[in-house]
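Take a look at the structures below.
Next come two complexes built around chain A: one with chain B, the other with chain C.
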Partner chain A sequence: MNFDYYPGCTLKTKAAGLEAGARRAARALGFELCEIADWQCCGAVYPLGKDAHAEKLPSIRALKAAENAARPLVTLCSACHHVLKRVNDDAAKNKDFRDTIARYDEDLAYGGGATVLHYLEVLRDFVGFEELSRRVVKPLTGRKIGAYYGCMLLRPSVVMAFDDPENPTIIEDFIRALGGEAVNYPLRAECCGGYISLSNEAKANELSRKILADAARLDAEFLITACPLCAYNIRKQNQLPIYYFTEILEEALDVKL
Partner chain B sequence: MLNYEYQLEEILDISGVDIGRCMKCGRCSASCPSYDEMEHRPHQFITYLARGDVAALLESDALWQCLACFSCVQRCPRDVKPANLIEAVRLAAIRPKGAEFLTVEEVEAKFAPDMPQQLLVAAFRKYMR
Partner chain C sequence: MEKIGVFICHCGSNIKATVDADAVIKEIRGITGVAFAAQYPYMCAKAGQSLIEAAIRDNSLDGIVVAACSPRMHEATFRKVAESAGLNPYMVEIANIREHCSWIHRDGGEATVKAVELTRAAIAKVRLNAPLFPEENSVVKRALVIGGGIAGIQAALDIAEAGFEVDLVETTPSIGGKMAQLDKTFPTLDCSACILTPKMVDCASHDKINILTYSQIEKIEGFVGNFTATIRKKARSVCMEKCTGCGDCWNKCPVKKIPDEFNTGLSNRTAIYIPFAQALPLVPAIDREHCIKFKTGKCGLCQTVCQPGAIDFELQDEFATEKYGAIVVATGFEVIELGKFGEFGYDNPDVITSMEFERITHGAGPTGGELVRLSDGRKPKSITFIQCVGSRDITERGKPYCSKICCMYTAKHSILIKDKYPDIDVNIFYIDMRTPGKAYDEFYRRSEEDFGVRYIKGQVGRVMDMGDHLAISGVDLLDNVKLELKTDMVILATAIQPATGIKPLASMLSASIDTNNFMTEAHAKLRPVESPTAGVFLAGAAQGPKDIPETVGQAGAAAAKVIGLLAKDILLSNPCTATVDINSCNGCSLCGLVCPYGAISYGPTKVDEFGYKTLERISHVNQALCLGCGACVVACPSGAMNLLGYTNLQLQAEVDALCLMNSDR
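Right after this comes the complex of A and B.
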């Protein structure tokens, strides 16, 4: 099965490793990520204002493209995933929003018919973690790995419907499928500070260090994430290494270049 | 002179929040990772708006400390969505001309080569119109 794919602003440069590993692993697992044409930046944060319409148009265009191609729209970046899933939900549930969007341009009329999936959801729900585990060539045996969820994948769960927002397991299941040991540390879904690292860096450092101390206390060797901004904030602390989840995936599947 | 009555109406409207639903349990503030940084805590945003005191919030640094992590939204037992309310006040603060929290020049000055684009785009969205 093939999927439409939305990379987002960071995956071609600063987070190129997140995408490269995902593409190689997909081929090894028997699916392809088909990048949609002329995609535009999702804006990185979901616009919460009820009157935010223009800010959501890039997402609408991507969602429409996927709907027209009749393929689920897959994302790798937590933030893109968050924005696209929530805008899709707006289009499906909010008639005023739909009508306003259609008034910008008839070609943008969209009813929320696309399906937005995170790559991890593809692994869980389409490939299956049991099958993934059978495909592993170089298991991560003995590696103690902390899943770092952060905020964007999980909350608000009523829209994201990704996993249990307080006690998620998808990334731990992923780690176990690759043969590694998942370190279940309590702060794995707490905020790293996100964009506040630009205006109040000390605060982002404080939050990131709390998360790292919690994972280190339980002997995690490194953390994995799906979010370039989490990776940036966590990496800056020079405590535990942090990798994209697709980097350990390509390692376990032995498709790393 | 700012018309706060108009701003109160605008804030409540664009937030989509019904502040009457809040039962003041404080779970939003207890869940907030920026609690220590805020002189007005998430549950207090609702109190201030209920008494029409928009000025206190618009001048507050607390506005800029919300991380949009959605812990408050997730955990609110009454589905009030405090983050949406804080965002609405923030939008009321940055929308007037020249009222951005960070200017393009200030963002540029803070730029580091390893910063993900995601951070810069988020900052432009959150701190300026």
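Right after this comes the complex of A and C.
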């Protein structure tokens, strides 16, 4: 099965590793990520303001492209996933929003028909973690890995419908499928500080360090994440290493270049 | 030719200040059928009533219209007047020219026109009225109380004391309910069992009260004064008459690892068991799901040791059918499941609910009253309470209402802890402290001012397992700071909800429940202990969250209503019920589907259509059950259903009268 794919800006620059690993692993697992043509920046979380409409048009274009291709739209970056999923939900449920969008350009009339999936959901629901664990060539045996979820994949839970927002398990299941040991530390879904690192760096550092201390307390060797911004904030603390989940995936599947 | 009398009331200046009564009289005098018209300042006063009575007699009126206030105010009054003048009371119509007219309009001219229209419509209707006669039904002098907690116990005692027979039905093997599980009660801190058990004993020894434990309601049919209930008496496997309650059986039972419901699963019980030491009746039951004898056929140890020979593995469920005049629903509450509240870490043994804490602090509880952490048996140095867990929570996982009892029982718990162990730090996170009630606020303030409990206004975002302790991140809204607390134990004041089984019970009773599954009262203010279904009364937390004093008060009130009902020998039914035109009905079942009272059934009926006689499946309305809501009339696609007193023709005549009036203008 092939999927439409929305990369997002960061994956072409700072978080290139997130994408590269995902593409190689996909090929090894028997599916292809088909990058949609002429995609535009989703605007990260800023377009989610209630009255922001024009800022949501890039998401609408991407969603419409996927709907026309009749393929689920897969994302990798937590922020892109968050924005696309929420704009899609809004288009499905909010008539005023749909009408406003259609007034920008009739060609953009969109009713929320696309399906937005995160790459982890593809692994869980299409490949299956059992099948994934059978495909592992170099299991991560003995590696103690902390899943770091951040906020954007999980909340608002009714819209994101990703996992239990308080006690998620999908990344732990992923780690176990690759043969690693998942370190279940309490702060794994707490906020790293996000964009506050621009205006109040000390606060972001404080929040990130708390998460790191919690993971270190339970002897995690490193953390994995799906979010470039989380990775940025955590990495800056120079405490535990943090990798993208696709990096350990390609390692376990032995498709790393 | 019909002779209609019309009476215009001024209601002092309430109507007359806006509506020109003379003009109304003048307009309606010319209407076909109107034989008499008069006006008076207060029609409902004695003189006004006499005026109507005399007019009916003197003019041989065969129908009257009173243009006055809402029929909710005085329809009954004027029906009585008609009756005393020898006119069938259902030949009275009310035109509401006060609430629907004078009170809501400023322009007297237009209001007068509207008053004429409303009166004209009522005249058009009354011309089609037919005399109606209520049916008489006898009253079965026996009450059914469903639920054997404090609400059911109190209601049963009060009804029995008035001399009526009561059956008290309880699903568990003992009466006592949630109150039996509690340690102390607020605001007096008297021991719950000490005040409850005497009432349980009173119930058991009362010659008018028949207690059916380990029993369930299977079916309820009938109507006020004449309910028939089928009760399943679950097979106890122990003969009630022979058992002496000695305890040999449960002491010898080899199956010892079944989570004990009475101790909220914090300890284990045997397969043959009594729920608690003061259980009533003091007769054990065998939990057949876990009993080795029932699972494999082997064992039977309890039978061997039972000296009176009371154990009988052959016992089967029995069904009792009994008639009742009134029913009290007292099914109580349970605490909600916490599966969706992952942030509080309830899977950690040191995070417990308040109900679990009741058992831990109870001398007969799983720890013998020792306050210890369930994880390591260590005495906690600090305890943190979190209030409103699932209450006042408008997200899909919680309950939108306030559970009402939590502020007070949490204050109680904090005092119990501080009194025994002054060295333990106690923190309470709360949203608002809600302590109205006699001596309640004083009690809560004692916990803070005398016992040094720390109250923190704010909510908790997460409870984390840090190995040897718990960490709480929360917020203090008064200081506006984020808080990180270390604590040894967390107690969650968990929202309460109606007991499971309330939905099927409500549907058996044709009684309504609200969006939170609490039983609905007939009127939120004026009929708080009656269900909208006649003859069904409400007591305790089945109707909404309540503490013990309120529950006992409501149970007494429900009992008073039951006594008032059972004291009558005859009940008159409302004759404004639905009726079927058997020649138009095709038995489609739509009316039965929409009937909220279960009043409609279907059966073969002899139909004579122009001499052609057949047996057809026709709708049948049980006049005693029908409350005259009219839902079936609206649903009926063939117009076969009619509501007596409000027939389709009568309503059409009213509409026609209004529309004609408008087309004239």
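The rule is simple: the second predicted complex is superposed on the first by the 253 of 257 C-alpha atoms of A that agree within 3 Å, B and C clash if a C-alpha of one lies under 4 Å from a C-alpha of the other, contacts with A are read in each partner's own complex, and residues count from 1 in each chain.
The criterion applied here is as follows: a contact is a pair of C-beta atoms (placed from the backbone, for glycine too) under 8 Å apart; a residue touches a chain by one contact, two chains touch by 3 or more.
Keep in mind it's a predicted model, so treat the numbers as computed, not measured.
Chemist: Look at A:167 in the shared chain and tell me whether it touches chain B only, chain C only, both, or neither; answer first, second, both or neither.
Modeler: second
Chemist: In the superposed arrangement, does A:187 touch chain B (first), chain C (second), both or neither?
Modeler: Once the two structures are laid over each other on A, A:187 reaches chain C alone.
Chemist: What is the contact status of A:13 with respect to chain B (first) and chain C (second): first, second, both, or neither?
Modeler: first
Chemist: A:200 contacts which: chain B (first), chain C (second), both, neither?
Modeler: Only chain B; A:200 stays clear of chain C.
Chemist: Based on the superposed arrangement, let me know which partner A:79 touches: chain B (first), chain C (second), both, or neither?
Modeler: The answer is first: A:79 touches chain B but not chain C.
Chemist: Specify the partner with more touching residues on chain A, choosing between chain B and chain C.
Modeler: B
Chemist: State whether A:37 touches chain B only (first), chain C only (second), both chains, or neither.
Modeler: Touch partners of A:37: none, neither chain B nor chain C.
Chemist: Using the superposition on chain A as set up above, list the residues of chain A that contact both chain B and chain C.
Modeler: Correct list for chain A: 165-166, 190.
Chemist: Given the complex with chain A, which residues does chain B contribute to the contact?
Modeler: The contact residues of chain B facing chain A are 13-16, 33-34, 37, 64-65, 67-71, 73-74, 83-84, 87-88, 91, 101-102, 107, 110, 114-123, 125-127.
Chemist: Okay, in this complex, where on chain A does chain C touch?
Modeler: Result: residues 158, 164-167, 186-187, 190, 214, 217 of chain A touch chain C.
Chemist: Given the complex with chain B, which residues does chain A contribute to the contact?
Modeler: 8-10, 13-15, 41, 43-51, 55, 77, 79, 151, 154-157, 165-166, 190-191, 193-200, 203, 207, 227-229, 231-232
Chemist: Within their complex, state which residues of chain C touch chain A.
Modeler: 341-343, 345, 396, 462, 464-467, 471
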